[in-house]
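Once you scroll down, you'll see the structures, which are given as structure tokens.
Both of the next two complexes hold chain A, though its partner changes from chain B to chain C.
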Partner chain A sequence: MSNIGIQQKVGVRQNLLQDASKRNKLNGILPFAGLLLVILFFTIVTGGSILDAQNLNNLLHQSFTVVIVAVGAVFVYSHGGMDMSLGALQGITQLGAAWVITSSILPPGLAIPASILIGMLVGTITGGVHVLMGVPAFVASLCVRYICSGITYTVTSKQDIYIPYTEFTQYNSGVIKALVLIVVLAAGYIIFEYTRFGKNLKAIGGNITVAKQSGIATKLNIVLAYAIIGGLVGLTGFFTLTRVGMINASSGQGLELNILTAIVLGGFPLTGGSASRLHSAIIGALTVTVLTNGLTLWGIDPYIIGGIKGLLFILIVGVTYDRSKGKLVL
Partner chain B sequence: MQKITLLETKGICKSFGPTHALTNVDITIRRGDILGLIGENGSGKSTFSAIVAGALSPDSGTMQLRGEPYKPSTMVHAQSLNVSMVVQEMGTLPRITVSENIFVGNLHRFKKNGFLDIRKMNSEAAAILKEIGAEDIQPEVFIDQLNFEDRKIVELARAMYNKPDLLIIDETTTALAQKGRTLLYRIIEKMNSENKAVLFISHDLDELMEVCNAVTVLRDGFVIDTLEKDQMSIGKMRSLMVGRELQGNYYRADYDGSYEDEVVLEVNQVTSGPVLENFSMKLHKGEILGIGGLANSGMHELGRVIFGIDKPITGEVILSKNKTRVKNPLTAIRNKMGYVSKDRDKEALIINATIRENIVLSSLRKLQSLLLITAGREKAVTEQQIESMSIKCSSDTQLCRELSGGNKQKVVFAKWLAAQSEILILDCPTRGIDVGVKANMYALMNDLKNSGRSIVMISEELPELIGMSDRIMILKDGALTGEFTRSENLSEHMLIEYMI
Partner chain C sequence: MKKFTMLLSIVLVLMLTLSLAACGAEKAVEDKPAAKPESTEGFKEIEVSDESGYPKAADLPKHKIGVLYWGYTDLLGSQIKKNLDYLGKEFNCEMVYADGGMAIEGYVTATENLIQNGAEGIISIFALPGMIEACEKAGVYLVQGLNETSDEDTLTLMKNSKYFVGMFTENDYECGYTMVEDLYNKGCRNITYMSPTPGMAANHDNRVRGIEDALKDYPDMQLLSNYRGEAQVEALQNFAAVYPEMDGLIVTGGTQGGTESIYQTIQSEGLSGKVKFATIDIGEGTAERLESGDLAWIAGGQYPTTGIAFSALYNALVGTPVIEDCTKTVYRPFMSIQSPEEFEQYIKYVDGDIPPYTGDEVKALIKKFNPDASLDLYEQYGKAYGIQDVVERHKDLF
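On to the complex of A and B.
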């Protein structure tokens, strides 16, 4: 083979290499572009009112829950898990917080740790049922969801529960929420990217057999992931309660779908593994929030908004889901 | 005699991420050809055959079949154009019957009033199986009841049922014993006599010499040369594959066979899995202990039990140093053990993760300080392994699935070396690896031995057991049948006697 021939071939290779890296870059940018597009679209159709001061404040409050729970979802989805109990779980953490607040013995300040603990406990149950009894996470969390919503429904069946929420207005300041957001994001980022726990979860998502054979206590790590998302749901449960001031049978409803949509819109792999990135979930959470907020401002019926999100979810999964696996078989 | 061109490829390119599996590949297959395709792991053989068979589509380039443009979209499509392939890995689908496996993708042929005519399907399947000389396989049994070899034969039947003009066989013979091979060679002969063509991929150069009438050599995705029958010789093929002259022997040169008296690991009366029963052994410091036998002799189960993956039904595995009992992989790893599974892509490597993530996976505990693991420390460990193992990759963050088989195996080894393992359990460490990487692995094992590490090498390859082990234990039906110490006079015959 002549030298010229080899040079030509090397040239062909370089072109192919550039094409491949271009494709990868594009996939990384897509979720950001999606967020910008959503913002741009609603700025136009709402005549700019999505960006006025009042609505920006609304966006902060609305994104608070989704972003914080999305941080927890990173730990669950990165190992290939799934949690369908989130909304109902938030409902009962609110119940717990309300119970502490309205009790005459306990100091109301305990409401925050109480709702976080309840969340962690229920998360541990979900994770525990999943790994110890070998029930798929989807099924285990679905069962837990019905148990939780059953409890909330029973307690609130006679009448909705109210708290004297004027005593908790300090928790509704934008500053407090922004601070909590920053702390949760920073802690989530460090734990997910720079600790053994985060790396273990990605390994479990990549291949659980390999993870086991590499000395990772897979069951413990998985349960811990569900405990974390539960705790974060509890945290948002408290803040939601102090903002709304009441609990009824539908409190928290729809949170799991918002999170699922956020995961998908942000380009977070549904199967978990090595490609899982915290920022993907956050971008997705922001996109979902802006989308919901924008559609509401635009005057769309809330029930139709749910339908739109479902359609969007199918569309994104349909376009991005990796079907190449197993193609070699036939 | 001028042969007629059956398939012609022009300028085929295919890349996986940044890795170029094929670059401008031009190959011509003529009627009556039995064309061998050879090259080291990662040279692009399997990629090329997958493209011809319709399992992958090329990034660029064209193909012509029987003089017409050929662009298969799936393997079923290719098969309808009379191009069939038997794949390297297990290609049968579990939990369905033999005949459903043979006609998978074509079940509509047996539609009768909207239902599947199972009787007709089974009788056609039986006819095909008879035609290829495997009438002992029942079409109506579930595929899971067959052994590995018979499943491969079912795949052959699937490839043959619509009488392909071109049959592609991708490293199938390694999975076949005598019965399967005879059957396969008969099919190849028949294809040849009917003026059809076979594309035959194998690592076994002796086999290629015998079967093929021409070989094409691939290296790093380029076609290097095509040798006609009269030009073929093993030495020439080997040097074209590697790009340099290879020395004949890559095993250990010494016949010393000594190791220290210190016992590092004891297996006491272990019973595990369906066959392994009351098995005991001792592993010494600086010893390479070879474990040989047939696939179902219990030797693979032994490896899993030693590393704590399977719990023994009775008996125990004890680390002599601190009398610790190995209960699970975690205790094993804490006591500096490492395990290389025989099923690399499923059990030893996260193929969709980066080289770095895989290499540091068993060392995360050592890498953390104040509970944090920085990317810098991970990178340092990885770079060191890439360097010392000479892993061919574009960077430490390249995905493992883009690497060739040999380089993947190097990553698996590197993972345990990074964890500073003192005791290594290697289950078929060189399975499906080409000559060049094999030589590296053997040299590495020798170095490890000389630095006082201990190795249990479970292998189905007798030359490797004889060539590398200080001591060989042969298992049959879950029990020890023979034990040999390293010697120049050891032959494969002597070992086989105890295996069967």
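On to the complex of A and C.
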């Protein structure tokens, strides 16, 4: 091959790399820009009401669950997994916490660990069914969802379950929730970005066969990822219970869809892999919360809110979808 | 080019959405009034008569009221919105609507958002502890309409709250009981019943309790089977296959198209003429089923209860509260319909151009406008409520 031919090939390769780098930078900025635009837009249309102190407190409470579960979702989606049981799982973790709180034998303080443990246990079952029985994650989590829903329906069938709300109002404090958020975000960031476990999950998401051949215990890592998301769902289950004060058969419903929306809006790759970043999921979670809050503050009718959210969803996904790889990119 | 195509498609989607919205706003002049219930059009504006002495909307101070229900697109939801929009105009109130989403916790979030949006009072299907506290902190009045709360701790929270107004609902238990009783009186002895998943809706659960208790009081009426869930069409198909002796069917409600599906299934399974059907929530096809005799008993007309709840909220807002014990539910009856003639009257007087309670009739419940307004008057309104009551009060308005 002539020198000119080699130089041309190198030139083409460099151009492709530069294009890819630009595209990655742009796609990395877009979700941030999207969130800022959404905040700016609602600041204008609500006359600044969205950013007043009371509403910032509301946003903290309203984003608490979705941000914390999004941290857990990062571990699942980064390896190419999926969990459709999150809402039903949150329902039974709330049930477990309520049982401890209303029990005359156990101290109410055990409600938090009980809720987390139930979440981790169910998460482990989902992961276990997925990797040990070879059932696709979608199907395994769907089955677990039905089991969890069945338990919640059965227990709440006679009547809604209430907790002594006034005894738990301290858990609704913005300070406590902010502290919990900081701890979960920091721990999630360190574990996902800087530990072998986090890197293993990205490797599994990139190519599971190569990951296995590289000596990664893929099954163990996957099950652990589901246990983590389960534990975090359990944590939010307790706080949701103390925020609402009761459980019925609908408790937790739709959480998995909110998380999926957050993941996609944040530009997180649904197929997982090395491009997975924790901040993408957090940005997506905040965008979902601000959108819902802002549209209500703007006074938009609820049935139009759904349509607007759908249109924005198409717009954001349309802009951030990398067609060359057939997946969403950061 | 690709970006252009994408932008073009977004613009087209927007145009389609807007044009659909515009179509929805046009008046459907060709619909026959007796064919189906209509709830998308607003109610007629009725002039405040000089004799009434009640102030006109323009003379009243402006208030902002939040409304929080499961949704406003099904028949009952749209009736609630239509009625509250009408009362908003009559009382110079801006009505802001929100829904609770799929999960119960969504109602707390929606309450916070409504408060942030400037609502001075909220009418809601739920009064959860978290909602009561959010309203208490913000100094926003909360009234529960179309549902009630029986948990002791929550009742204490309500009692201690300065801003919880009260609870207004239909007597669901009594309605469940009446459905069994009516089928029994019409000769049914082998019945089945269906209701949504237990725990999903307290009002349906109360109706089921009424059904179960009535069955105990009529021991010669046999419950062949029951189904609690959402796949009611399939369940009815199974009942039809397994229980040929079935002569009565009760469904505790089907506001989101459920009643229509049951009508269709009764016909497709050959149950027409064999099984008498009793249910709640009026939908399309009701007139035909009453005519054919398949539909023995149907109840509806519950949406004005939210208007009654509105009046209690308004009383609290203007500083003349009339409900002393906010933990005591004010019950109202369902409006039962048993013949095509009654249904025709229902379409005209309850789901027609004029709501079952006009602005003046609701203003009569406001102590500031009518010094005689009291809990007794609320109870009188409830006791009298029925087709004939509305016909009697409104016959001169048509």
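Following the convention adopted for this analysis, the second predicted complex is superposed on the first by the 277 of 330 C-alpha atoms of A that agree within 3 Å, B and C clash if a C-alpha of one lies under 4 Å from a C-alpha of the other, contacts with A are read in each partner's own complex, and residues count from 1 in each chain.
The criterion applied here is as follows: contacts are C-beta pairs under 8 Å (C-beta built on N, C-alpha and C of every residue); 3 or more make two chains touch, one makes a residue touch a chain.
What you are looking at is a predicted structure, and each value in this text was computed from that prediction instead of being measured.
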Contacts of A:D160 with chain B and chain C, given as first, second, both or neither: second
First (chain B), second (chain C), both or neither touched by A:D301: second
First (chain B), second (chain C), both or neither touched by A:I105: neither
Partner chain in contact with A:N207 - chain B first, chain C second, else both or neither: first
Partner chain in contact with A:I190 - chain B first, chain C second, else both or neither: first
Touched partner set for A:V175, first chain B, second chain C, both or neither: neither
Superposed model, chain A: greater residue contact from chain B or chain C: C
Contacts of A:G215 with chain B and chain C, given as first, second, both or neither: first
Residues on chain A lying within both footprints (that of chain B and that of chain C): none
Complex contact set, residues of chain A against chain B: 1, 9, 12-13, 16-17, 19-21, 24, 190, 194-196, 199-200, 202-203, 206-207, 209-217, 273-275, 327-330
Chain C partner contacts - residues on chain A that touch it in the complex: 49, 54-55, 58, 61-62, 65, 87, 152-160, 162-166, 169, 172, 240, 243-255, 292-293, 296-297, 299, 301-303, 307, 311, 314-315, 318
Contact footprint of chain A on chain B as seen in their complex: 13, 15, 17-18, 20, 23-24, 50, 55-56, 59, 74-76, 87, 89, 91, 93, 104-105, 222, 224, 307, 309, 329-330, 332-334, 339, 341, 346-354, 357, 360-362, 364-365, 368, 371-375, 399, 415
Contacting residues of chain C [partner chain A, same complex]: 6, 10, 13-14, 17, 71-73, 96-99, 101-110, 112-114, 116-117, 128-130, 133, 150-151, 153-154, 157, 197-200, 202, 205, 228
